[in-house]
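Listed after this line are the structures, all set down as structure tokens.
Two complexes follow with subunit A in common, the first pairing it with subunit B and the second with subunit C.
Up next, the complex of A and B:
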């Protein structure tokens, strides 16, 4: 456990020294800050725009951090031969993978925390200037960001998995694809249902179902689509599968990390 | 350089420019949103947003606002502009089917085009239906849905001038499904649905039920007012039939209500006429008579009831007065006096209250100089009531009053009386609209003094 924590903290230190991270952070700030000006163009939908832009920025830039920093973590160690030093110290390969995951998720979470503070600050200022006080907004925003944190677990795990056996560019592309596919599994299921109504599509549908069950269900963790509407409905009337979503995120991440550890343990340097 | 190369270069340049021009001509009115609608389905657009559909809907709405600001004067001249605007609206709500602000914005903006008014109604109603849809995630109807449906009703009633009468009624009826639907919308629905179903009974039943169930005095009063208005309309229908029957016999309009009520033949004909009209809407096609209030002047928050009149019961003024025929600009006009009495009460109550204060302050004396009285208490005395009866002061009781409304003693002032033209009796009513504290009470006081002299004499 100590090894995992040590690698994780080192990975975090290394990541926060990365110029790419600061570039991403700069654009995150720019995006969330722009909501401050864009809300004036949205007529009555100003608060709605701030919330949606903020949540989307957190989600999208979380993905970018995972893509551009995460996919480099393992290949960089292999390329610079530092992996030999680490492994020769008695660190197991699976510990190395889990440590990298821990460091990356910490980096992503710190970024999200910064963005959350900024987003809530802008919302607070907006409410103060428009004489609106909506405590319920903050309640739902925190909920949506919490679900985003769970979604990031999956995204980071997937990035680590691809980086454990593939090149950085390919890993980044595949992580991005998994993110997009994960956001549309609900629509994918609709497609399967429609196909299954046709004659002679049993094998095709069975194949599609296998893909469906292999995909992460990020849309189960996507509360930002509904957060604006849920505010008005109230907690009792708005039902979202928080428990199922959290369970899925944790179990899916565990499985992906297991595969990543397995893939990395078989890898020749 | 050889001339043939120069020639070739010129030809190529010319072809290039022609190609660019053709491309420009075909593309200058093609916007991305056009292609979005043409080549992708709503579902596909939603999928392509990769979970960020709410944000993209917001950005599309901002684009819509800008587009509207730049192009709305051209909507009628260039249908392409309008089509692009509408397609952007459709794309936006496909991405967020519960985008409240988008519905309201586009619902308003589409009415800028003549052809857009029907679209606006349909767009808003579709929005209301989408916001009302429930599933395992949205377990109740969106509470603010009523505002979208109300906007649809507004478009149907005012922008489309009730071209399709059912639309307003449908929209208001749908708005009622939302939890936060305000009380006033129920009454608007009753009025809108009266255009579709002229039967007054369901409307009256709904208003009475809502009033009786409400613990709020203001809501009770508003429902009562609407009941009275509907009943008055039905009574007018009956009296118009009676007046018509009188005209057919005498070749002139009646000038006194007794000419109608004392003539059995005329009343019979009016009853037949009303029953004939009401048979068109009544259940089973059996005609019935007009409704009357059980108690036209109920206590505050008292139970509101109405009954359908039975022959030979006459229409009873729902405001608690009686029906008279007064002369309005040279034409006999049916009026119910009850509404005037209620209005008079609202006039007299504050000024008589002030009069009592004056008496208390001046050892029980009644004011001799009403100008000084009105100035001292910063009071504006009304010249006349809603019919044209002047405000009078009874010095004996030290109380303001208006003369009783009667056909024998018609009001001397407009609207039901003729404006006096002689210099002595001329009353400058325009002064009532003047905000200057000096002139307005002076005019009122003159009239009051004249009334006082009459009553004394």
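Up next, the complex of A and C:
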């Protein structure tokens, strides 16, 4: 355990001393900050724009950190040969992979924490200046961000999986693709249902279903619609399947990390 | 007692469906406790492949290896082996001390003993002045030294050094050589891969020469190079009108000065008698032992006359 923790904290330290992170952080602040000014242009309530843009920024920039920092973590250690010295001192490869995952998820979470503070601050200021008291909004925001933290487990695990056997560029592209597909699994299911109504598409649909079940269901963890439109959705918003989403995130992450550890353990250097 | 032993160690890399490259071909060596063992060979000889197998970063295709009497295939994860890679790029964002702390934690050194151990190692490699400087600001020699410190963190009995002298200036090379001597004095066994043969000759007790994965020579320096200085370097000022063609043997001939190496004293006497009678003047006669570099080039060329060597 101490090995995983040590590698994780070292990875985190490496990430927070990296220029790439500060560049991402700069654009993140710019995006969330812009919602503060853009809300005056919104037609149907400035708070909706702040919430919408804020939550999208958190999700998108979490992905960017996983993509631009995460996919380099393992190839960089192989290139610089630090992995050789770590393995020679008795650290097992699976411990190394889990350590890298821990460090990256910690980096992403610290970023999300910073964004959350900023976003809630802007919302608070908005409500204070418009004489609105929206305690329920904050409650929904916290729930949405919590689900986003779970979604990031999957994204980071996928980035680590690809980087355990592939090049950084390919890993970044693949992670991005998995993220996009993961956000659209509901639409994908609708498409499969439509196709299955046609004749002679059994094999094609079976193939699509396999892909559907293999993909992470990130939209199960996306509460943005509920947060932005909870007044209209009413009871439908309250019935969001939190438990199923959390279970999916944790099991999917565990399986992906297991495969990453296996792939890295079998790899020849 | 053998600290490291390989038996018929073979590694074949598959390239596509049909092609295969033999990186290591039945390597059998033994490294004895307390010795500095030089592991030599041109690029592509199989040195790094051997080290990677010993570190369990690669699985051999066949054969076996033992470290400290334990078969590598079944040995526990933690073996007392230290490793310093060739041209390492360690965590550039860490200071030297933070870097060593990382390895101390990986080795489960209790927090109350960690500082003492790091202080000892920093002292050993002479890096006290730069312990709080980030590694990205280190010179190449400093990176090698801090790399050596991490390799020693868990007090290993066997230390594998992959090209520890490459890219260093003469002072840096001397410092690392002195450190290697100091490690030997502490009773450690050193497995030393290097291209810099003059340094290997100075510090190694035994050497192995590898080419294209095959072991070509193995033995102590006296076994391989001989103990007697029976060769003679001769330098003569030749009489006017001498041409290179008229000399009859290989050597350097410039501005009337001829310099050559003769295999024994009889040959040297014969050559001197022949040319002194024609008016040549002896400028120097130096007894020589064969150098490791000459042996290396001879051995590799005998196996593969077309090989381009960088020594």
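Convention: the second predicted complex is superposed on the first by the 260 of 269 C-alpha atoms of A that agree within 3 Å, B and C clash if a C-alpha of one lies under 4 Å from a C-alpha of the other, contacts with A are read in each partner's own complex, and residues count from 1 in each chain.
Following the convention adopted for this analysis, a residue touches a chain if its C-beta (ideal position, glycine included) is under 8 Å from a C-beta of that chain, and two chains touch if they have at least 3 such contacts.
Model, not experiment: these values are computed from the prediction.
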{"item": "Which superposed partner A:2 touches (first subunit B, second subunit C, both, neither)", "value": "second"}
{"item": "Touching partner for A:225 - first (subunit B), second (subunit C), both, neither", "value": "first"}
{"item": "Which of subunit B and subunit C A:251 touches, first, second, both or neither", "value": "neither"}
{"item": "Which of subunit B and subunit C A:265 touches, first, second, both or neither", "value": "neither"}
{"item": "Touch count on subunit A, higher of subunit B and subunit C", "value": "B"}
{"item": "Which of subunit B and subunit C A:38 touches, first, second, both or neither", "value": "first"}
{"item": "Touching partner for A:92 - first (subunit B), second (subunit C), both, neither", "value": "second"}
{"item": "Contact residues of subunit A, present in both the subunit B and the subunit C interface", "value": "none"}
{"item": "Footprint of subunit A on subunit C - complex, ascending", "value": "52, 55-59, 77-79, 81-91, 93-94, 98, 102-103, 105-108, 147, 150-151, 153-154, 160"}
{"item": "For the subunit A and subunit C complex, residues of the former touching the latter", "value": "2-3, 6-7, 10, 13-14, 17-18, 79-92, 268-269"}
{"item": "Residue numbers on subunit B that touch subunit A, as the complex places them", "value": "43, 46-47, 50-55, 58, 61-62, 65-66, 96, 98-99, 101-102, 104-105, 136-140, 142-144"}
{"item": "Residues of subunit A touching subunit B in the complex", "value": "38, 41-45, 48-49, 52-53, 55-56, 59-60, 179-180, 183-184, 187, 190, 218-219, 222, 224-226, 228-229, 232-233, 237-240"}
